[in-house]
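First up is the structure itself, then whatever we jot down about it.
By written order: A, B, C, D, E, F and G. Residues from 1 in each chain.
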Amino acid sequence: MFRNNYDNDSVTFSPQGRIFQVEYAAEAVKQGSVVVGIASKTHAVLVAIKRNAEELSSYQKKLFPIDEHVGIAIAGLTSDARVLSNFMKQQCLGHRLTYGRNMPVRSLVDMIGSKAQVNTQHYGKRPYGVGLLVAGVDESGPHLFEFQPSGMTEEMQAFAIGARSQMARTYLEKNLDAFAACGREELVRHGLKALKESLVQDRELTVENTSVGIAGVSKAEDGSTKVEPFKVFDGQDVNAWIESVADNKEGGAAEGEGMDVDG
Amino acid sequence: MFRNNYDNDSVTFSPQGRIFQVEYAAEAVKQGSVVVGIASKTHAVLVAIKRNAEELSSYQKKLFPIDEHVGIAIAGLTSDARVLSNFMKQQCLGHRLTYGRNMPVRSLVDMIGSKAQVNTQHYGKRPYGVGLLVAGVDESGPHLFEFQPSGMTEEMQAFAIGARSQMARTYLEKNLDAFAACGREELVRHGLKALKESLVQDRELTVENTSVGIAGVSKAEDGSTKVEPFKVFDGQDVNAWIESVADNKEGGAAEGEGMDVDG
Amino acid sequence: MFRNNYDNDSVTFSPQGRIFQVEYAAEAVKQGSVVVGIASKTHAVLVAIKRNAEELSSYQKKLFPIDEHVGIAIAGLTSDARVLSNFMKQQCLGHRLTYGRNMPVRSLVDMIGSKAQVNTQHYGKRPYGVGLLVAGVDESGPHLFEFQPSGMTEEMQAFAIGARSQMARTYLEKNLDAFAACGREELVRHGLKALKESLVQDRELTVENTSVGIAGVSKAEDGSTKVEPFKVFDGQDVNAWIESVADNKEGGAAEGEGMDVDG
Amino acid sequence: MFRNNYDNDSVTFSPQGRIFQVEYAAEAVKQGSVVVGIASKTHAVLVAIKRNAEELSSYQKKLFPIDEHVGIAIAGLTSDARVLSNFMKQQCLGHRLTYGRNMPVRSLVDMIGSKAQVNTQHYGKRPYGVGLLVAGVDESGPHLFEFQPSGMTEEMQAFAIGARSQMARTYLEKNLDAFAACGREELVRHGLKALKESLVQDRELTVENTSVGIAGVSKAEDGSTKVEPFKVFDGQDVNAWIESVADNKEGGAAEGEGMDVDG
Amino acid sequence: MFRNNYDNDSVTFSPQGRIFQVEYAAEAVKQGSVVVGIASKTHAVLVAIKRNAEELSSYQKKLFPIDEHVGIAIAGLTSDARVLSNFMKQQCLGHRLTYGRNMPVRSLVDMIGSKAQVNTQHYGKRPYGVGLLVAGVDESGPHLFEFQPSGMTEEMQAFAIGARSQMARTYLEKNLDAFAACGREELVRHGLKALKESLVQDRELTVENTSVGIAGVSKAEDGSTKVEPFKVFDGQDVNAWIESVADNKEGGAAEGEGMDVDG
Amino acid sequence: MFRNNYDNDSVTFSPQGRIFQVEYAAEAVKQGSVVVGIASKTHAVLVAIKRNAEELSSYQKKLFPIDEHVGIAIAGLTSDARVLSNFMKQQCLGHRLTYGRNMPVRSLVDMIGSKAQVNTQHYGKRPYGVGLLVAGVDESGPHLFEFQPSGMTEEMQAFAIGARSQMARTYLEKNLDAFAACGREELVRHGLKALKESLVQDRELTVENTSVGIAGVSKAEDGSTKVEPFKVFDGQDVNAWIESVADNKEGGAAEGEGMDVDG
Amino acid sequence: MFRNNYDNDSVTFSPQGRIFQVEYAAEAVKQGSVVVGIASKTHAVLVAIKRNAEELSSYQKKLFPIDEHVGIAIAGLTSDARVLSNFMKQQCLGHRLTYGRNMPVRSLVDMIGSKAQVNTQHYGKRPYGVGLLVAGVDESGPHLFEFQPSGMTEEMQAFAIGARSQMARTYLEKNLDAFAACGREELVRHGLKALKESLVQDRELTVENTSVGIAGVSKAEDGSTKVEPFKVFDGQDVNAWIESVADNKEGGAAEGEGMDVDG
């Protein structure tokens, strides 16, 4: 029997220089339901499929506001996500109390990256078993970041993590060039279409299982910048978006539409 | 012989991204006798089967008041439950001393979730071997939460944990739509009926082995809100409820009844 | 050869959710000689068989006073019992110094339960290898508690732990209904009879090997409550009780007798 | 090959509830040369065979004074005994400085018992590999205690530990009834006779290899109590006692004799 | 099966005096994309191939400014690099606050070397899985250092680390003599040519995947020294350099050119 | 293959009550070159064979002065000896600063014994791999002690430790009775003769490889005591002694001689 | 397969009393390039072959000044050497600040010996994998010490450590008698000749790969002592020495020469 002697803790390198426990933690991310994020020049959106493991429960939340300008989508161990989420909230709060303004999204992401790295280099801990997409706006505009259990963080234009997320990523890659110029509504529709690619055969996007998170900036006519704080939309609030990407409307979404006011 | 090399502590991921020790701890929950919780728009109730492993003992308590507005039902290792219960009592007390009002139920549940998560990510500890249903009322109304050994917490409309709890859950799922509108008495009866589904063949609900816990809010005629603090009912106090769900009365319980004053 | 991979420490769950080291610690309790406890409405008594492993030693003590209102009977590792006993004495002393009254028995029992639970959830310690029966009186009357190595504590009406204690428990179960109304003397005799059931074939209760511990409350004629502090009786002090349950007197003990002043 | 999976540290119970490392430590006691202790109503004596592993060394000491009223005999790891002995000296000194009187022997013995128990319940330590007989006098008269590596301590009337000590114990059991009334000299002779039983075939008690330790109390004619502090006798000081138990005098020792002034 | 018993942690020497875990960490460096550094008498340059593991991401950064006078190129675990990078930034900042001038590059490199060595000599940590090229200018001129996971640091004239870096090193060795006299532009072109040697068959240097970092000093006509702070060039900023080393221009780059103002 | 499961650390007893790691440490003592010590009524001497593993080194020191009244001879790990030696020097210095007089030799030896015992009872340390002979004079006269890795210390009249020391011990045993009365010179000669017994076939005592250490007391004619501080003699200083025990003089040394002024 | 159960950490003795991890660390020293040291009555010199593992690097330094009066040559893990080197620099600095004079070389060497010993007796650390030659001058003249990973330190007249150092040692042994009287230049030439013995077949001493370090004292004509601080010579500064030991000059070097002013 093959016996891997190097995969029992995160402080042991394999002879090839790999740290298997970190790679296994990445597998935990793939157990979570898929989440998608896309950033344009004006908005960053997160869309997610909520699961309800038990019919009796509310659907499990996948999107969480962190601060008024930033939110996260999670895939993997929910309990681990809570730890990181609480940490991010405290950092944002502390930053605003100290500096009087929102923490830049990249700084925030760097902090959880550093925090997570510690767990990959000290015996007796384990890597966080959760991946995040972090979406937010700051002085340099909208941003989307991916966070991995390794502590690796990377700015992305669009991305998807979680179960069957490869299909969503394929959609995103195909439409990558279009995203930068997309408006708010259009961006959400792209996100939902990507999400649909990752659905298993007989599942549909519904108002119960779909969450949308949006943060954005828009220039007012007088040239000033108007920030749309990060907000999560659930239930009936996502109905119009879901209908707009229903199969009979496919194709139309990629075009600019009149209702896309933020575009 | 199959040998699992990844299931000896909670800081090791399996190649599939699972943490077996956390899953095994969840098995300990299934060793406990069944508890059921249901929340309506006005009440949150917990019902439980008490076991007495030894005839000589009192029946083991399954329901515990935590604070005046919240209580828990436990399934699994009683000693672990006590640790969490003491922790919750202290948090509630501290919150009231600091802020002059009851701790929101979700905040309380988040705290034990975070506390439990720590034991899943540090070597030398083990996950708590107990599951909880937390029922309470706060400014946003009645709530029911499930707590798992992983530190996962989730708001539920109705749920059951413990031995043979699947049968109770099936009952709850079938009647899920009715719960929101149920009054106090009706909710208890639904709980007891769910409980009966999980009883082994020849056991019955009795005044000795049945516990009921109730917290609720009701609007007085003048529009003010009246809170019914969390209280555990045992012995003769549960007799009427038990009789009302005796088999010859089956069917009737699902209908609103005059005695259901809180409905 | 069967190899149990989950029974080497108390921070590892088995795939079935069991913690074997805690169960093995419970086996240590069964190595101790039997102790019996019974509580009535007015008294709590402990009776025990003392062993002398070496003829040259005094008999090993089995009953220990903790505070003026509470005492314990032990079965298992005597050295572990001393640790718990010292802890209890300090808690009782501290409580009286702080509050000016005896610590409620349940509070005291909860404290050793919590203390023992810690040893079942931290690597590098082991569960206490001793079981206790705790008997005492407080403002709510007489109480009998069982303490297990798991940290589990439970109020009992009557119980027996230690070697061959099942036979004693069977006697106790048969006579359970009678205990509540028993007076002091009658309660002791029930305890001794239960003890006799657990004796090996050719052993007898003697003044050398039998210990009796009693705490009680009685109402004086003026309605005031008179407390009988916990006291351990050995040697000639237990002679009358032993003779009263000698085989030729069997049957008579179950009846109320004139000498039973506390009844 | 039989493989014991539960005997590598003192924080692991075997499935039968045993802690093998504690039992193995008890084996270390059996490696030490035999020591005997006897207590009467007026005296407590320790007698010991000294070994000299190397002819070039002095004989290894077996008896050590702890305080003016108490001394110990050791069997097992001498280095471990020194740790306990130093601890006991400090405790006695501290007690006298604080309270102005000698520490009761039982209190002293309880303290080393508690100290030793810690080493049986924490990973990374090991039980003390030494057994002690503690002899002393305090306000309640002469006392003899046995201390075991488990932390178990027990008051004894007479006892022997160390290599081949069973033979000495058999002698002590046979003569147990006589000890309480024995005087100082008689008690020493009983001790030496017990010691002789444990000697290997061709060894003899000599002034080189025999140690005697005595503490006692005697009532003066005016009713006051006179304490004989614990003192160790070696060399020519033990000659008379050795000669008095030489084989040709056997039998006579058991009788009271005129020279037994303290009787 | 060959079983290496000495390669599970960095505190165990093999019988040949090797520390395998440190060697395995060095393998992680080889997983990173190639980076090249060259120092002349006036400049130190870093050039790197950026990878984008996911098409959706920006290209992963390979060059990072540390302080105004120094920057790094990384190959290996990005999360580990961030830890070292943050540490270096803090050291540089602290040095300038304390001494009012830039930290000498060698001192900075010594500090990360010492920091990294600790992880190779303490159980429970692991070596950093990243290699660095550190380029900077200080009072003694331009410098290039290599940092290895072992904590080994070494000043180099030119070097390349990462995947397929051997090919780049071969180019550098061949042209080693020319570097000292190279000007800024020429040095960059040498770096890019070395980089091209390490490219896999069908990849090309592009403005998307190529980064250049430069620090330098130049003597002004009045004899004063002008420092060019470390700066990273990406995108269109590197276009001219890339075109200048396109295959049809090969050969010309080695000659001094008029546009090489810093030469 | 025989596999000893109990010999990997010093906190594990074997089923026979042995601690193998302590016994293995004692083997390290046997790797050291032989040292011999003898005490008379007036002097304590240490003699040693120095090794030079490398011809290029000075001979390795075997005798070390600790304080003006005491010195040690070492056999085993020199690095471990330095730790103990430094500790002893500090203790002696501290004692003299505090009490204004030399530390009694036995107290000093007890301190290293206690220090060494700690390493035999705590996981993560190892016993000291060195044996010592400690020679000194204090108010009670000359003393010789042996220190073993177990922490065991014992006063000896004469002793030898290290490689092939059994032969030296045999010589010492044969002449044991003569030592007490020996004078300074005679005692040294006995030591050297014992040393010669342990030499391998073709080695000789030389001024290069022989060390002698002496401490002593002598009564002046006016009855006052004159102390000869501990001093190590090497090189030409030991020549006369070596010649006096050359083979052709054998036999004479055992007789008292006129030059033995201290006798 | 032979399986050594005692060589995984430095706190485990083998049954023969060996500590294998310390021996394996000594193997790491043999991986380093050879260094040679010689001390005369007036000078202490270190000579070393520098390696450049990579042609692109400068040659790796082998000689390091520690303080004005002392320097070291290293063989083994360079990162470990840096730790010891930094420690020595701090000790020397601290000593001079405290006492106003240079630390004696032996004291300095004792300190790293003690520091290194700690790593051989505590679990979770590893021995330093580097050997040192320490050369310096202090009030007692020039000194040369060897430091081994075991913490063992020894004063040497001449020594060589590192790869193929046995050949150098053979040269040194042959010429040992001549060193004491050698002057500065002669001593360096002896060192270089020894070094050449250890070179692999086709390598030569060159100005690139050879380092020389010298410290010395000389008596001025007025009897005062003039100290030559420790200085490392590289490059053209060593050219004359290298030429003086070129093969065609062999033989001459051993003779005193006029240019040897310090002789």
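The rule we apply is simple: a contact is a pair of C-beta atoms (placed from the backbone, for glycine too) under 8 Å apart; a residue touches a chain by one contact, two chains touch by 3 or more.
Worth saying up front: this structure is predicted, and the values here are computed from it rather than measured.
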| item | value |
| --- | --- |
| Target chain D, source chain A, minimum contact steps | 3 |
| For chain F paired with chain G, centre-to-centre distance based on mean C-alpha positions, whole Å | 33 |
| Separation of mean Cα positions, chain F and chain E [Å, integer] | 59 |
| Distance between chain centroids, defined by C-alpha means - chain B, chain F (Å) | 73 |
| Touching two or more other chains - residue numbers and ranges from chain F | 123-124 |
| Pairwise touch network: line, ring, star, complete, or other | ring |
| Ring walk, chain F to chain G and onward | F, G, E, A, B, C, D |
| Touching residues (chain side chain C, partner chain D) in the complex | 3-4, 7-9, 20-21, 24-31, 54-58, 60, 76-80, 82-83, 86, 119, 123-129 |
| Complex interface listing, chain D residues touching chain C | 5-6, 10-19, 110, 113-114, 116-117, 120-124, 146, 150-152, 154-159, 169, 172-173, 176 |
